[in-house]
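Each of the next two complexes has subunit A plus one other chain: subunit B in the first, subunit C in the second.
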Partner chain A sequence: MSHEATTRPGETAAAAGSGEELRPVPFRGGGFKHRPLGPVAPIVFLAILALWELGARSGFISPIALPAPSEALAALGDLIATGMLWKHLGASLYRLIVGWTLGSLLGIAFGLLIGLFSLARAGLLPLVSALFPIPKIALLPLFIIWFGIGEGSKVATILFGTFFPTVIATYGGVDNVDRNLIRMGQSFGLSWLSIVRKIIVPGAMPAILSGFRISASIAIVLLVAAEMIGAEFGIGAYILMAGALFALDQLIAGVAILSVLGLIIAWLIGKAEKRLLAWRS
Partner chain B sequence: MQLIARNITHHYGGTAVLEDISFAIGAGEIVCVVGPSGCGKSTFLRIAGGLERPDSGEVMVAGAAPEGSLNPLTYIFQDFALLPWRSVAGNVSLVLEDHGIRGAEARAIVADVLARTNLSDFARALPRQLSGGMKQRVAIARALAVKPAIMLMDEPLSALDSQTRELLMDDLVALWQRERFSACYVTHNLNEAVRLGSRIIVLSRRPGRIREVVEIDMPIDQRAERLTELERLQRRVWEIMREEAREADREIADVP
Partner chain C sequence: MFTISRRLLGVLALSGAAALATPASAADKINIGILSLVSHSPSIIAQARGYFADQDLDVEFVSFQAAQPMAVAIASGDVDFGMTAISGGLISLADKGVVKIIGGALQETPEIDGQKILASKAAFDDGVKTPADLKGRSFGITTTGSSFHYMAHKIADKEGFDRSEIKVKPLQKVPAVIASLKSGQIDAWSIVPNIAGALTSGPEVVEIGRISDYIDNYQVTTVFTSTANVTDKPDLVKRFLAGVSNGIADYNAALVDKTMSEEETAEIVAMIHKYVYSDQPIEKADPRIRAGAMRINENAALSVASVEDQLEWFKSENLVPEGVTMEKLVDTSFVETR
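Here is the complex of A and B:
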């Protein structure tokens, strides 16, 4: 009440003073901001599948051009029923996990070297910059000669493919660590190793984790490419075989598995980010 | 412990930043260094604590550090320099870990310094959850944990709003009365300088030279009540600095 009592006189005085009618100030903010719209994504997804199914059933989409989603689903069912899914998936996951883990670990190690030592930066960075843009698929024949046609060449392709983006993400992260924090560590007499472990590595972690997002997608792309040569099992081999036989339903099923794999990996990295970077707002 | 700077001169590339700075900080003394921005105050402080080498001149310490001092020359930074991924307690224990202080002993020290800075309830909070004043209190707690002989404070209150600054200044005065630490307190805020300094070193614009040294005899604990006298003192220091600040301002505007 007292609040009203203090505002009213000013208001009336101003209005009376000008002698004009009162108009609200028009709202001009808003927009340029994303709202979370939970169910939109699944609705869009299901709508596309429904249209596709409808088109295939009605004959609008020729079965030679694109099989119906239900047929792809049936192919997937077959894959599960025969137990082949696990064989293919197991072979692919093994290559992916071994190649990506080794590539990432080596990448972080070299990234830290380049980030921390001038000599390593001068010696290795030009090399990394020269080798990074080479499509690793082009080197596959070379890897086959070096590491054999078996698992070695496939793991090596993924390893090299993930190594370079991880190096670049890591040393970029090290470069971006707040110099004042490092100076703080020195001013309290922290050892070099403590500064690296407790200040530089955690400070570079956001960059390293976003590097993981990129290297994981690269790993999946390279997995399929590598499995297209001399692989008996693996999602890539399965897709290649389906393509060779024009079994488009199987091809679509294989691609769907890859897509789900990519989504799961992205989700896992998201989880890791939430955990490791909880200190960020 | 005393800190003595002798003829410190420093350049960055072609620009002279400090020229022939000599002064001493006695035990239990707060020496304030004021000067226009860009005159080399932060550079001087980095040199004083051994984070940077001067082109010429030397910084010496005399006397023994107090019993149990882990880090005799300890900084308080303007931007707090807290690790955002560590809690308040973790930021304090960071500086103990390298001295082999862990477990119960570390917990006891952390609890003690957090109590002395009124932070006990925030031990588990992350820096991003704290206000600026709280963050600087954490940095002060971290400094106290290593039992410094001399604090090197680089504009410790400049990132804070004026009310928080008043509160922290009172805290610093109370802390100084209990601990009698020595400090080199760099600031561009003359009010802070006259409230906290036993002596004020006024630097010229870049290259920083000592323009004048102003002694303040008034006991630090009485200053909050004798503001009119301080006001006069502050105006005197400002008269000394005014031309330098104006010229420094022009100089910065001239940079291409």
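Here is the complex of A and C:
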């Protein structure tokens, strides 16, 4: 964080000397602003990778503990060369997109209900609190019976995982909308629907979007759990297979793909934030 | 972890005057990895009956949920000895030069009931009456490269259809496979007789064949340790095998050949019950422990041919690095081979 004040000492001193009628006040706002520092992130990444490679090559890191990044890269190369990468990615992206979209839409709907209606809050909020902490992985055997070992149980795992954080982010966002704005709307005689549409939903949007960041990451985490059940293809299934065969290079390659997936999704949500929250600037 | 065993040993040591003559510090401390399965009981019996103490070994048991983490713990040196099926993970670790198979344990023999091939009732009604009908059907496995995967492909090989025509479904854990089979999500599975027996007694699962018809002298599980133990402490390995061999002899006599007196057998079952089905009262656990025990090779003898066949399968499916050899995987200097 950079918070250098934008004072210009020479100017202040000159103003103070020239008497009372001219005393320009230096601009003390600003600061606490993030400057975009583009090259820092790649440099940190590359430095860690270089250290890791060096450690693995020199034998400081044993091959059982961690394979060299170059080996993981080779495994990734194999995946691309055989065309399996697209099969795995396609299967996983389908589950992620369907599960996360349905989970988020349902989550926003329930979150708005809880945020807007007292009856819904009294009835549903304890339910959400009771169901949120249940580890979805523990329910896998039940999911098999309920949703089958096809796509159903995989999508359901991700759906349940993303639903609850979205509900909480949404109703929290609704609760935090500036009451003065709502009252102003009411004094101007806006209808209830207008207030919801023009004040509450945009006001809750920042919270919903940061909820998306969390739920998207949870969806990626749950991908491995979801693909535990009878998945032939998928990044999670690939990672599980690599783990079972103790093929560490493939394991790291799979984990790296998940990381990249996370980065891409975070970037997309960043774009969405810029667009949807344009009204703030 | 099980500190009970050490305490028990302490009590034994205090009760005997002879214990004063041989200080406890003389015993070598070893950790043995076990799963809560009846097939792991030779170590439990050897410990409870003092066969390890006779070999001057101070044993501590470490419980695992699956074979794979046990293999990794042995590679890292946290656990010294273990007994599990030959998995892709184990071979991969052997290729890296950190673990070695030193003996055999559970083996399919024609005269003893072995692993069963099961079908879900829905699949059975749909025409899966024998393993030959598994062409085009789904088969539950825990993970890619597990013993279940191997068995599925051996059935395909012997019945003469392509391995890809039996659709293996990785479900990670045995309970998940059971749930899938019972609900008809998968068509078939193969499993040791005591679990198979419990399943076929219900209406949802039907037995359609036996694994021993498809794999000759299948060496289901093996005894393994770290390469460091093999090269640096061969004497320790020999003493462990001597102790566990006595446990194997008792296990076979009590549960497989049933030549032991009922009184002694009950005593053995009680020992096993401390670690296996320990969440159930002994009256309930007793028949489950006794049912369908498979033979464990005397003196931990190893069927090299079977291990080789399994290694070849792993290689043919590209599940292990190409360079793995039998020499890297097995050290045959400790036990009798056949």
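Please note the rule applied: the second predicted complex is superposed on the first by the 240 of 281 C-alpha atoms of A that agree within 3 Å, B and C clash if a C-alpha of one lies under 4 Å from a C-alpha of the other, contacts with A are read in each partner's own complex, and residues count from 1 in each chain.
Throughout what follows, a contact is a pair of C-beta atoms (placed from the backbone, for glycine too) under 8 Å apart; a residue touches a chain by one contact, two chains touch by 3 or more.
The shown structure was predicted, so the numbers you read here are calculated from the model rather than taken from an experiment.
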Which superposed partner A:N180 touches (first subunit B, second subunit C, both, neither): first
Touching partner for A:S281 - first (subunit B), second (subunit C), both, neither: first
Which superposed partner A:P63 touches (first subunit B, second subunit C, both, neither): second
Touching partner for A:S194 - first (subunit B), second (subunit C), both, neither: first
Partner chain(s) touched by A:P202 [first = subunit B, second = subunit C, both, neither]: first
Partner chain in contact with A:L140 - subunit B first, subunit C second, else both or neither: second
Subunit B versus subunit C as contact partner of A:T82, first or second or both or neither: neither
Partner chain(s) touched by A:A237 [first = subunit B, second = subunit C, both, neither]: second
First, second, both or neither for A:S129, with subunit B first and subunit C second: neither
Doubly contacted residues of subunit A, that is, touched by subunit B and again by subunit C: none
Subunit C contact footprint on subunit A (complex, rising order): 63-64, 140-141, 144-145, 148-149, 228-232, 237, 240-241, 243-247
Contact footprint of subunit B on subunit A as seen in their complex: 178, 180-181, 183-184, 186-191, 194, 198-199, 202, 205, 279-281
Residues on subunit B engaged by subunit A in the complex (per definition of touch): 46, 49, 51, 70-71, 73-75, 77, 79, 81, 83-86, 94-95, 97-99, 126-128, 142, 146
Residues of subunit C defined as touching subunit A within the complex: 68, 71-72, 75-76, 87-90, 92-93, 96, 98, 143-146, 169-172, 175-176, 179-180, 183, 185-186, 319-320
